[in-house]
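The two complexes that follow have subunit A in common; it is paired with subunit B in the first and with subunit C in the second.
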Partner chain A sequence: MATHTLDITNEHCPMTFVKTKLKLAQIADGDILEVLLTEGEPLNNLPRSAKEQGYNVLEVKHLEGKIHKVVIQK
Partner chain B sequence: MSEEKKKLSLIAFSGDFDKLTAVFTLATGAASVGYQVNIFFTFWGLDAIKQKKGRSFIGGNFLTKIFGFMMGGLHVTPTSRFNFWGLGPRIFRYLMRKNNVATLEELVEAAVALGVNLYACEMAMHVLGLKQSDFIHEVKDTLGVATFLEISEGGRTMFI
Partner chain C sequence: MFDFSEEEINRYSRHILLKEVGVEGQEKIRNAKVLVVGAGGLGSPVILYLAAAGIGTIGIIDGDNVDLSNLQRQIIHTTRDVGFSKALSAKEKVNALNPHVKTVVYQDFLRSDNAIDIVKEYDFIIDATDNFPVKFLINDACVMTGKPFSHGGILRFEGQTFTHTPGSSCYRCIYSAPPPSNEVPTCSQAGVLGAIAGMLGTIQAAETLKYFTGVGELLTDKLLIFDAKTMDFRKISISKRDNCPVCGKTPSVTQLVDYEQSACDLLNHKK
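What follows is the complex of A and B.
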């Protein structure tokens, strides 16, 4: 079970979601993806849409300033 | 998940740079959050899926070849406002890159990577003398209204 990281803090809609989705498609079942994202649209919607698509959202953690980390298991 | 996948179907009628950007932004965003997405390209919208991205004389006869040249492909789509004889899209592309916002070409690439279903309108192709081989390989099929209604059934549909 590998852990992958994806930084979308400099991305804008819709690439925040696009990059996360494509990364999730690349990794193996059971792998962990740590997504670094900013407040607002990405933080409000990414964990919810990951859950809706059947992924396991393990953690949503505030790191510093406007940056948060969302941990998703495929 | 037992419930049926959510669905978004877009009718891409416009060949304008800005409206196509809206089409592909909605399409990639929706596909990324788990929607099944269908785009039905018709009339000017067909410019977005041509293999030849610039201007070329594609078409079945003299008139449609002239049309094909004037309409062009993805790289020469005009903006609906402030086109300034083709300068507008260049300025928008510059601003999008500068602000790290995906350009139209990047959005099309992402749509293909996300498995968005691309369809071409059979009637408009006939009028403009275009064949499926004039389009990018990812175009799944050429359709008419009845089939489009069938594939969009039960989801949301937008006309852009």
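What follows is the complex of A and C.
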């Protein structure tokens, strides 16, 4: 089971979720995706959108400054 | 798989966002080959929406040239295209709208001697024609080759459409044969509100995208009819007939037929 990282700290809604969906499509079932994003709109929306579309959001964690990490299992 | 460029991700982002389409659905759209028969009133919105959606290959067959009287509803063509091939004019707009789409142009009409060879190259066929002989030809060619298609027809303020997939009812399950020429609308009855073409063609484009992505329920065994005067939409159940002349148990139509066109249609094609 591999772990992948995706940095969307430079993206805005809705491309944050588009990029996340693309990465999730590219990894294997069961793999972990760690998404790095900024607080505010991305942090408020991404975990919610992922859950709405049936993805398993394991963890939302503050890293440093405005950067947060959302861990999703495919 | 899923090797979309940054440009494509951006272009198709509103599809990718949909749970029911997503990256996987967009990939299916990209791999699809669709034939649009007729680059006129219905073909215009169909071709534009399919090109915008990123259908991988769009075949466009039309032997006509653009006439000034077409522009009231055939929105893929512009005033400067008058006199030029409709198929080429449509291809030009597709290229401008979405360079990722491959186009195959046939400056010809679909006939009994070319229909099978052309249809068999595609995954889905769209009847965007304006006359009964070709509608029967498309139906028969698709049934014989096991291809799904979208039927569409418009007149005055009304439109009708259904989708055929192998095993579901076909056009001849509803109408055994073309209507006699005295029942075909005469030239004076053949007016059409331009926007009706957009309404119906857009439904056909949506059905095509639903077919490839597997979203929802297609208009199979359902004839959708609408009357724009009242904006009434109705779905009528249709069923596959065991005694259908082409898809029934003992078909009488076993090869393609070129039915004669009404005088009005012939006049239009000579223009």
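We adopt the following convention: the second predicted complex is superposed on the first by the 74 of 74 C-alpha atoms of A that agree within 3 Å, B and C clash if a C-alpha of one lies under 4 Å from a C-alpha of the other, contacts with A are read in each partner's own complex, and residues count from 1 in each chain.
As a working rule, contacts are C-beta pairs under 8 Å (C-beta built on N, C-alpha and C of every residue); 3 or more make two chains touch, one makes a residue touch a chain.
The model shown is predicted, which means the values in this text are computed figures rather than measured ones.
Q: Applying the touch criterion given at the start, work out whether A:N45 contacts subunit B, subunit C, both or neither, answering first, second, both or neither.
A: A:N45 contacts subunit B only, not subunit C.
Q: Should A:E11 be classified as contacting the first partner (subunit B), the second (subunit C), both, or neither?
A: Touch status of A:E11: first partner only.
Q: Please indicate which partner A:Q26 is in contact with in the superposed arrangement: first for subunit B, second for subunit C, both, or neither.
A: A:Q26 sits against subunit C, while subunit B stays out of touch.
Q: Looking at the overlay, does A:G54 come into contact with subunit B only (first), subunit C only (second), both, or neither?
A: Both partners.
Q: Determine, under the contact definition given at the top, whether A:L63 touches first (subunit B), second (subunit C), both, or neither.
A: neither
Q: Touching subunit B in one complex and subunit C in the other: list those residues of subunit A.
A: 14-15, 17-18, 21-22, 52-54
Q: What residues of subunit B sit close enough to touch subunit A in their complex?
A: Touch list, subunit B to subunit A: 1, 25-26, 28-29, 31-34, 99-102, 106-107, 110, 113-114.
Q: What residues on subunit A touch subunit B, complex-wise?
A: 10-15, 17-18, 20-22, 45, 49, 52-54
Q: Along subunit C, where are the residues that touch subunit A in the complex?
A: 1-2, 4, 9-10, 13, 16-17, 19, 22-24
Q: In their shared complex, at which residues does subunit A touch subunit C?
A: Subunit A reaches subunit C through residues 14-15, 17-19, 21-22, 24-26, 52-54.
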